[in-house]
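Chain nomenclature is as follows: A, B and C, assigned in order of appearance, with residue numbering initiated at 1 for each chain independently.
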Amino acid sequence: MTAKSTFDAKRPHPVVIAAFIIPAFVLFAVILLYPMAAALGFSLFEFKGGLNIVGFNWFQNFVVLFTQEPYVTQLPRAFAHNLAILVGTLILQNSIGLFLAVQLQRFGPLRRVFQVLYTTPYLVSPLVVGYLWTLLLSPTFGPVNAALRAVGLDALALPWLGDPKTALPVLILVSVWQWIGFPVLLYGAALAGQSPEIHEAASIDGASGWKRFVHITLPLLTPVIGTVSILTFIGAMESFTLPYAFGGATGSPAGATDVLSLLFFRESFHSGASNALGMSSAVATVLFLFILGGAVIARRLLGRYEENLT
Amino acid sequence: MTTMIEASTLPESRSLPTARAPRRRRRRFSPEAVAIQLVLWVYAAISIVPLLTMIGNSFRTHFEIASDPWPIPTNPTVENYVNAWVRADFATYALNSVLITVASVLLSAVVSIPAAYALARWRFRGRGGLESLFMSGLLIPFMLAILPMFYLMDFLGLIDNPLSLILIYAANGIPFTIFILTAFFRQLPGELEEAALIDGASHLAVFWRVMLPLVRPAIATVLIFRFVPIWNDFLMPLVMLRSRDNYTLGVGLTTFFGEYQTDWASLFAGLVIATVPLLVLFIIATRQIIDGLTAGIGK
Amino acid sequence: MNSIPQRRPVLRRRAVLGGLSLALGSAVILSGCQATPEPAGDPVTLTVWTWSNEAREALEDGVLEVFEEANPTIDVEVLVQPDKDYQTLLTTGLAGSGGPDIAAIRSYGVISSFAESGNLTPIDDIITDWAGFSDTALAGVTARGDGQIYAVPQGMQTAQVYYNKTIFDDLGLDVPTTWDEFLEVSEEIKASGVAPIVIPGAVAGQIALAGEVLGNARRGGPEFTQEFVAGDVDLTDDASVASIELMQEIQPYLVDNVTSVTLDEAVTIFATGMAAMYPSGTWQVSSFANLGADLDYGTFNVPVDSSWPSDEVTVAYGDGGWALSARTEHPDEAAVFLNWLASAEFAQLYANKMSTIPARDGVTIENEYVAEMYDRFLANPSTYLGLAYLRYGTPWGTDIYGEQVQKIWLGEQDAAGAADAIQTGIDAWFDPADFAN
């Protein structure tokens, strides 16, 4: 069309650009962005029962959140747990996911079988996954501890979800286990997209497998690793269903699995508090700003790395 | 470790240098390869534990499940399936689920893929800001946006209309789809695009015939990962829909959650009914990944 | 996209969002829904929402039939919305179109909050006869803000101790009549190798309920509650601390790994005879029956020590009510239905289908377990303080109670510290003056 005459690969005619972007933008802005912005706006109001607005109260909800009990203890505690989930899932999901994806590349038709198997946990809703693992890990009835005892590992037959020391690690492991199909498939897709010629050339040049992995495969995967990591970050900060299924709204035992989304849930309409909407929106806004900050920084670092690559 | 990369770069359909095939076959039986095989199989076993637990328990009674969760049915019963089928109108729900899920995933993909391509490959003013704006859509607890979304749909007159769910799910999928696909489009070498343009292809043709096929595996992955949560969701349908005729499978499953006690036996049967279509879809979709992959490389 | 039949016409559009009308005009046309007037003579459909699948099954199992036969011009349709998200769904349902005409709402804090939102109509004057209802039941459906009644009470819950008769008989034990006997009985059961007591120690709300069964009388029963609501004492009072200490005192007799025991698991543990006693709510009668275990059990109230400030009490609380949406289009039919829900006829049918304790008099309970618990409730009721007064703001008193008792069991807290933490938590919002109505 018009862009043809310029031969500029990076700059087609503005009409073409608009045609590519506007449908997505309109749908996104009207159906998602507008309600989201409205929801965040709630945090600046005081409510009296449900959606009944008393008045604009500036940042009063945030002041309460940052200065009053129980928030001053619960907010940092929940935040710390989110960070632990983030670090745990980031490391495990990326390393295990990458390992599995790379290994699967060498399989022929079997690769598909493995991809399906690794992704099955994702097909079941997290609520049910949480319940199933509660059953499996139960110290009274659960087969996991029964198996451990059967092979003489009595010391490892712990009350997994009943002990504050093990509850959060178990939560992290189950969450990684559930989501592992995502990095496996996405890394698989990225590896498949890498041009074989580069590797063949390197192979002819005599580069060893490990060297080729570190110097060729890994750098080419970086954008996708970055994408998976940012999504993991967002998932970790917003994780709700699995903590809820494991520890209920209070992050049992003794708040050991309390996370920001549970705090949000306890503040929401579920609480019966008059100003539920104002306070829960304030919690959500804090969460939003934090994730936004983190994601923007991560994106920028990634962008810089990609610029260096090309 | 040497085998790792070599094999990783070679999709099975590609014609290999003949010298390589025997070498690879030999290595498959090295101790290292056997160990890796073992790890993959063990991990696969751990992966399917819940699905097996679910299927096994769907043939057991409530009491058996509660007192001995190891899912070996001693006296298998299909009563749970009968129960589940009778109590929740799965035939209607399944039809609604298919309609809503397929329509919203497709709508989301149709609008997001071109946008992701434009953001990834073209330079124009406001690109960075636009990309950040799209990304911010990933960052909000969905639960919070429910209220304003409800009012929006109420205003549009779409309450109790499946179209409301299709619009919401489609919009909600845009940030995720764009975020992942921009990464993949960016990865593609610029030479392909330039060569095609010089040959006189339009930008649209370059996108459609050259670049799109190359990211098909990523698109398939995104579709699957968008499909599943929509398929399983029950909250949005409950907010937006009113009549039981419009309910989805996810809503049907909530029938088994009591106030104090959940009917796990029927729930597991219902879950099997609701999850089987997902599994079938997924297997078909992974074949798509492979086909897409070979097609892409064949260019 | 509109191929699925539409049962309810879409009614109102929100003026708030008027600014968007231009951009979205086409979508509105797409939706193509037109309000169709009801043809005269057709029955009016009342939509009822509830969080409870059990309630829907009970209502549809011959209860609503009785009403619909007597009122052929009114159809009642029951929709269940999942428990966990019920309050959120109801907030949208009551404030927008296509919502319920009548909705079940949880008692105390939740109903007060909904009353404040202006989306409910007070029903003091709509119900013609309140005489049959007990004060405890009406307290649960009265809004704290304006003192008006906003719902017809659905029923009551009580919480008592379930015990396994087979285990007690095998060991030659009698139901304890003093606190010391309670501990002795526990000791003997423990010596026999069975866990004496099970509590769902993984669930904060369930810990709080069990704690109330054990501690309500130790704290001083209804008198303490009265003083607490008047602002004369708070939860750090000696009697309150002593009631929390009881949770520590019974710790040796609890099932192993109590902090990992879920509600489902506790029911199974008790029903399979792995534990001999279980302090919990009346609803468990249905749970035990549904589980299908072979179980011979009875109930008793926690026995008191002569040094305690109160005699034996039966812990009780209002278990939600039927409220009237301010947006209903059929206020007259809804009033007819609500009056029926307030009748002894309905209470008789519903309480027996649900196996729960009725909120009003004139009901004969058929289930022997429930009947026994009902008699005790009539004799000496004492309101569940945590539920009735500590759930009007966040954090809930019951949530902190559960978390603090978990800490006690894990060896990280003592009773005085726990009482302090609970009081500090509720101080964020609790003010006795709010309950002055």
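In this section, a residue touches a chain if its C-beta (ideal position, glycine included) is under 8 Å from a C-beta of that chain, and two chains touch if they have at least 3 such contacts.
All figures in this text were calculated on a predicted structure; none of them were measured in a lab.
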**Asked** If each chain is a node and each touching pair an edge, is that a line, ring, star, complete or other?
**Response** complete
**Message:** Farthest chain from subunit C, going by the mean of C-alpha atoms per chain?
**Reply:** B
**Complete:** centroid check, CA-based, most central chain -> A
**Request:** Give, as an integer number of Å, the spacing between the C-alpha centres of subunit B and subunit A.
**Result:** 15
**Item:** For subunit B paired with subunit C, centre-to-centre distance based on mean C-alpha positions, whole Å
**Value:** 39
**Item:** subunit A and subunit C, separation of their C-alpha mean positions in angstrom
**Value:** 35
**Asked** Counting only residues that touch at least 2 other chains, which ones in subunit B make the list?
**Response** 66-67, 143, 147, 152, 167, 262, 264
**Complete:** subunit A residues touching 2+ other chains are 30, 34, 51, 138, 141, 268
**Asked** Of all residues in subunit C, which are in touch with two or more distinct other chains?
**Response** 20, 24, 88, 91, 265, 268
**Asked** Which residues of subunit B touch subunit C in their complex?
**Response** 61-63, 66-67, 96, 99, 103, 143, 146-147, 150-152, 154-163, 166-167, 234-235, 238-239, 242-246, 254-264
**Message:** Can you tell me which positions in subunit B touch subunit A when the two form their complex?
**Reply:** 1-12, 14, 24, 36, 39-40, 43-44, 46-51, 53-54, 65-70, 107, 110-112, 114-115, 117-119, 121-124, 130, 132-141, 143-145, 147-149, 152, 167-168, 170-172, 174-176, 178-180, 183-184, 186-190, 193-194, 197-198, 200-204, 207, 214-215, 217-218, 220-221, 224-225, 228, 232, 250, 262, 264, 267, 271, 275, 278-279, 282-283, 286-287, 289-290, 293, 296-297
**Prompt:** Mind pulling up the subunit C residues that touch subunit B in the complex?
**Reply:** 1-8, 10, 12-14, 16-17, 20-21, 24, 27-28, 30-31, 33, 47, 51-55, 79-83, 85, 88-89, 91-92, 96-98, 263-265, 267-268, 272, 281, 283-284, 286-287, 290-293
**Prompt:** Tell me, which parts of subunit C touch subunit A in their complex?
**Reply:** 20, 23-24, 84, 87-88, 90-91, 94-95, 106, 108-110, 112-119, 201-205, 255-262, 265, 268-269, 274, 391-396, 399-400, 402-403, 406-407, 410, 412, 424-425, 427-429
**Fill in**
Residue positions on subunit A within touch of subunit B in the complex are 1, 3-4, 7, 9-12, 14, 16-17, 19-21, 23-25, 27-28, 30-36, 38-40, 42, 51, 100, 102-106, 108-109, 112, 114-125, 128-129, 131-133, 135-136, 138, 141-143, 146, 177, 180, 182, 185-186, 188-196, 199-200, 203, 208-210, 212-213, 216-217, 220, 223-224, 226-227, 230-231, 234, 238, 240, 261, 264-265, 268, 277, 280-281, 284, 287-288, 291-292, 295-296, 299, 306
